[in-house]
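There are two complexes below, and they share subunit A, which is joined by subunit B in the first and by subunit C in the second.
Right after this comes the complex of A and B.
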């Protein structure tokens, strides 16, 4: 009894510093955002209570819906692009092949690179006049396929999405590889003895056994995509003409370029609920209780 | 039990560490008798103007044992965002670079900056009152102008323009269009534009083009509610951007390059012209191969325009504002710094760096022709610069709208209507 209480105290004391930091830097700002979202505030002068006016304005702003639409594209591209591609490569790499470490390192490289470096490099690749892609197309005589990738609002979002997928495939690749390593050798051997083909083994044994990991990857993917900001900020800054605007970027510009801290907070509150609902739905759909 | 006390000590240590971190900044000055002043600026690019500013700060520190000015440079495109964010959190540095007009207004309204009225006599008769006023709000002076930014100059490659059949640079818009046409026929990109930052088309182009069409009273009148953006002349000026884009006057990647990249394309001789402000004079002269091949011209005149074609959009710049929360002692130190900084010595250095200055200083004969001509253009009078006059919200609308016009997603009429709507909702 005495020992147990001591342990509780020890745990509390041990958790406390981290908890305090977390409360101050993660929970408190969220609560503050809720408060600010009911205010009209330019960041300098006194705040003025405006009730739900910020939210009403927000829902009537086509640019907000535009940014939400683009954000959904990012989520879809991440979940349907990053995860399957990463899983596919991980399955390929999960066998005794030469140079496995090299492939793994190459795959993981984009994750280690700074986003700004990635954005600038891809901007150069996409450049319409002397970028790698267009130069290649022109050399191959496919001039008609050359596009103003980032400068044309029809292509800019697609171009950005390709970069987004490329950037994070490596992360999920590593996660999947780690999970695959944990699939017991005996089970696979048993399947082999029973005469199951590789295809059958993969679908009926390997994937179900790492299903938990796949769900975690999907959730990470969604929350990561909803936060997406830096890559697009550097590559296009939401342009041209808002064609690559995402919610975080919209919030940032409304808050800091237009000096509407109250309105910006309202946007972040909506992003908060939007993310919450989306992740809740997905975990429900995938049949897991995460929340 | 020993383990437990160990944990407690460690966690308290951590918490103390946190507390120490958060209060660290305020203790800086009390350490010894040196007053430390932090100065935020955007002098990150290595160009003559910035070198001049930094050398002045170094010199000041050398001559003053009791004051230490510490400079912290932030890239220009992020500078204002960072400043506003810090201002909202009441965490402004002691001194910081500010831009005049609408851009300093919120800081004044929020009582974040200190009036300099006590020391403005120092520059009386040295800097013209009209230019000083750019940094004044409601009769209070908040910064001393360090330079004058002309935002609309045309830099051109003399050889290319001559090849296209123009010995002198076109003086009218009609002639300019002929020039663009004939450059295009020769497969030369006429104008290097880097509009990724979305401000160049507005600040550089529209500020002067709209002034040519509407006259300088238009903008203040509209903002006072005595006019409307849905004005035929103003719409005509927006249509110029549309027309230039449609006739392929710009490089096709204009919306993915930033201003400096576009300038470099011009410097390396890939394009015949580059429209930019006086801030580009230094970098262009610094890195271009043959200075004599570069010419500078004012924007052309537009038929039917109501404005004065001699004018050029421009505004004072290079001001440093002081934090309103400085202690008495720090204020005196900061005043001393400002007096030292905005002196003949600095203005002279700026002229050597091809920066147009507000102060009445002598210009040596060895100063390049391009600079002297640009300097002369300011004599024709200054027209208001749009983003220095409009509110941040309106600036955002026109910036994005102009980009949409270049993409064919918006018409000039629609943009004018949108601006008017934004103005009325404020």
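Right after this comes the complex of A and C.
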């Protein structure tokens, strides 16, 4: 009896600190944002209950839909850019090759760097006067292609997406390489003996064998790209003319520049459900569990 | 996605029948990939040593002479000393506490059977799905109500809360794999529950502990959103936040921006080259369930 009670106390004491911090600083904010989303509040004076007004206003704001559209572009660029490039390079690296370790080290490097450093660096690269890209184009005699990459709303989203892809290719590269190394050598040898070309072996043996990993990478890519905020905040802050606005940025600017805490909370709620529903749908469609 | 890729592969496959892909082609593609990956960083580091005029005229070459003015002006105007100190303090404290509390929780979740075990575990893991940005506004309000905006310890709380899920996930799955008789023989020897944790489970979990320490450290070191919303006192800013506002103020001083970035990169790149294996392991493990 005594021992059992001690055990219960020990378990409670052991789990409680983590649970309390997690509840207060991760779960409570989510619940609070539900509450605030029904209020009109400038953050200082008294709150006023407005029912669904914030949500109605939100759904009528074309800028909100614009930011959601851009968010979807980020998701698409990540899935269609990062995964195929990473897989292609991983397949090339998955053989007896000199300098494998160096390619791996360089490949993963951007993943370790802070998003802020990457954003500022790429802003300099895209700079219209002295940026690397325009300078390269000028050197190659292609001056007419030089653009104000981040300052021109026709190009800004594309420029941002290139950086997004660049940042995380290495992560998927390493994930794919690890999976490829688990494909048993004998299977590939056998296929080779049967006269299958490398292309055929890759398509009909290697890729099916790492299919599970590819699915995981796609899910990861989607949930990761929904988190895009820092990168765009630093590079363009959603501009020019909202051409690179994403939902989190829209929320940030509506809340802190216009002091609309109730409205901002309503956007938070939408982001929360949008992310969960998207991840849930994708995991279901791809036949995996969400948790 | 598959279609472009497929096409590429098909062309390659068709080619191969006639001329099997030669190693040089593979190396060529890999080298291009490596250049695209590394050159932006190298370009920035090299140009941080050039004077403004040289940057404008000779962007691709090595600097004619090393100019350190950029570094001096970046260090002074961006307040890098303070930023580094703040980042190191917050990073170490948050990482230490997250791993300590997380290890403790994981021990009970992995080595004990009790009624709410599965529920508590799932509840923690759910945290990995919470989009952090959805919490920025309520987090700001919460911290303001708690009087915790702009203090040296502000960021530690959300950092712990949001990294506990992945920490608990990695540690629990590692600790679950230990055989049951470890505790049994320890209990025979009269060890208490906490003693078993401290002198048996914790030392045995060393590889997983290394993974979560590195993971937490890198996440905390690079974190920007919470810092942006919760801190605006320049003396309390972390490195990413300070760099972002520095770049915002000195938009035309490219040299100083590059020097500031280079200085902030040195520790993380050194750390990466030193502990590459562990870092890659940690970040991919973190990603696969993050």
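The rule we apply is simple: the second predicted complex is superposed on the first by the 260 of 291 C-alpha atoms of A that agree within 3 Å, B and C clash if a C-alpha of one lies under 4 Å from a C-alpha of the other, contacts with A are read in each partner's own complex, and residues count from 1 in each chain.
Please note the rule applied: a residue touches a chain if its C-beta (ideal position, glycine included) is under 8 Å from a C-beta of that chain, and two chains touch if they have at least 3 such contacts.
These figures come from a predicted structure and were not determined experimentally.
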(message) For A:123, using the defined touch cut-off, is the partner it touches subunit B, subunit C, both, or neither? Pick first, second, both or neither.
(response) both
(message) Taking the superposition on A as described, I'd like to know which of subunit B and subunit C A:4 touches: first, second, both or neither.
(response) neither
(request) For A:150, decide between first (touching subunit B), second (touching subunit C), both and neither. (result) first
(message) If we overlay the two complexes on their shared chain A, which of subunit B and subunit C does A:259 touch? Say first, second, both or neither.
(response) first
(message) Tell me which touches more residues of subunit A here: subunit C or subunit B.
(response) C
(message) Quick one: is A:14 in contact with subunit B, with subunit C, with both, or with neither? Answer first, second, both or neither.
(response) both
(request) In the overlay, answer first, second, both or neither for which of subunit B and subunit C A:239 touches. (result) first
(request) Examine A:43 and indicate which partner it touches, taking first as subunit B and second as subunit C; both and neither are also allowed. (result) both
(request) Quick one: classify A:83 as touching subunit B (first), subunit C (second), both or neither. (result) second
(message) So in the superposed three-chain picture, is A:140 touching just subunit B, just subunit C, both, or none of them (first/second/both/neither)?
(response) neither
(message) After overlaying the two complexes on chain A, where does the subunit B footprint on subunit A coincide with the subunit C footprint?
(response) 6, 10, 14, 17, 21, 43, 123, 127, 256, 261
(request) Could you please specify the touching residues of subunit A with respect to subunit B in the complex? (result) 6, 9-10, 13-14, 16-17, 20-21, 42-45, 123, 126-129, 148, 150-153, 236-237, 239-242, 253, 256-261
(request) Within their complex, state which residues of subunit A touch subunit C. (result) 6-8, 10-11, 14-15, 17-19, 21-22, 24-30, 32-33, 36, 43, 79-80, 83-84, 87-89, 92-93, 95, 97, 102-117, 119-125, 127, 130, 132, 135, 139, 166, 169-171, 174-175, 178, 197-200, 202-203, 216, 220, 223-224, 226-227, 229-230, 233-234, 247-248, 251-252, 255-256, 261, 264-265, 267-269, 271-272, 275-276, 279, 290-291
(request) Using the touch rule from the top, collect the residues of subunit C that touch subunit A in their complex. (result) 1-2, 4-5, 8-10, 12-13, 16-17, 20-21, 23, 26-27, 29-30, 33-34, 36-38, 40-41, 43-44, 55-56, 59-60, 101-102, 104-105, 107-109, 112, 114, 120, 122, 124-127, 129-142, 157-158, 160-162, 164-165, 168, 193-194, 218, 221-222, 224-225, 228-229, 239-241, 243-244, 247, 254, 257-258, 261, 264-265, 268-269, 272-273, 276, 279-280, 283-284, 287-288, 290
(request) Within their complex, state which residues of subunit B touch subunit A. (result) 1, 3-4, 7-8, 11, 14-15, 18, 81, 84-85, 87-88, 106-107, 109-112, 196-198, 251-256, 392-393, 396, 400, 403-404, 406-407, 409-410
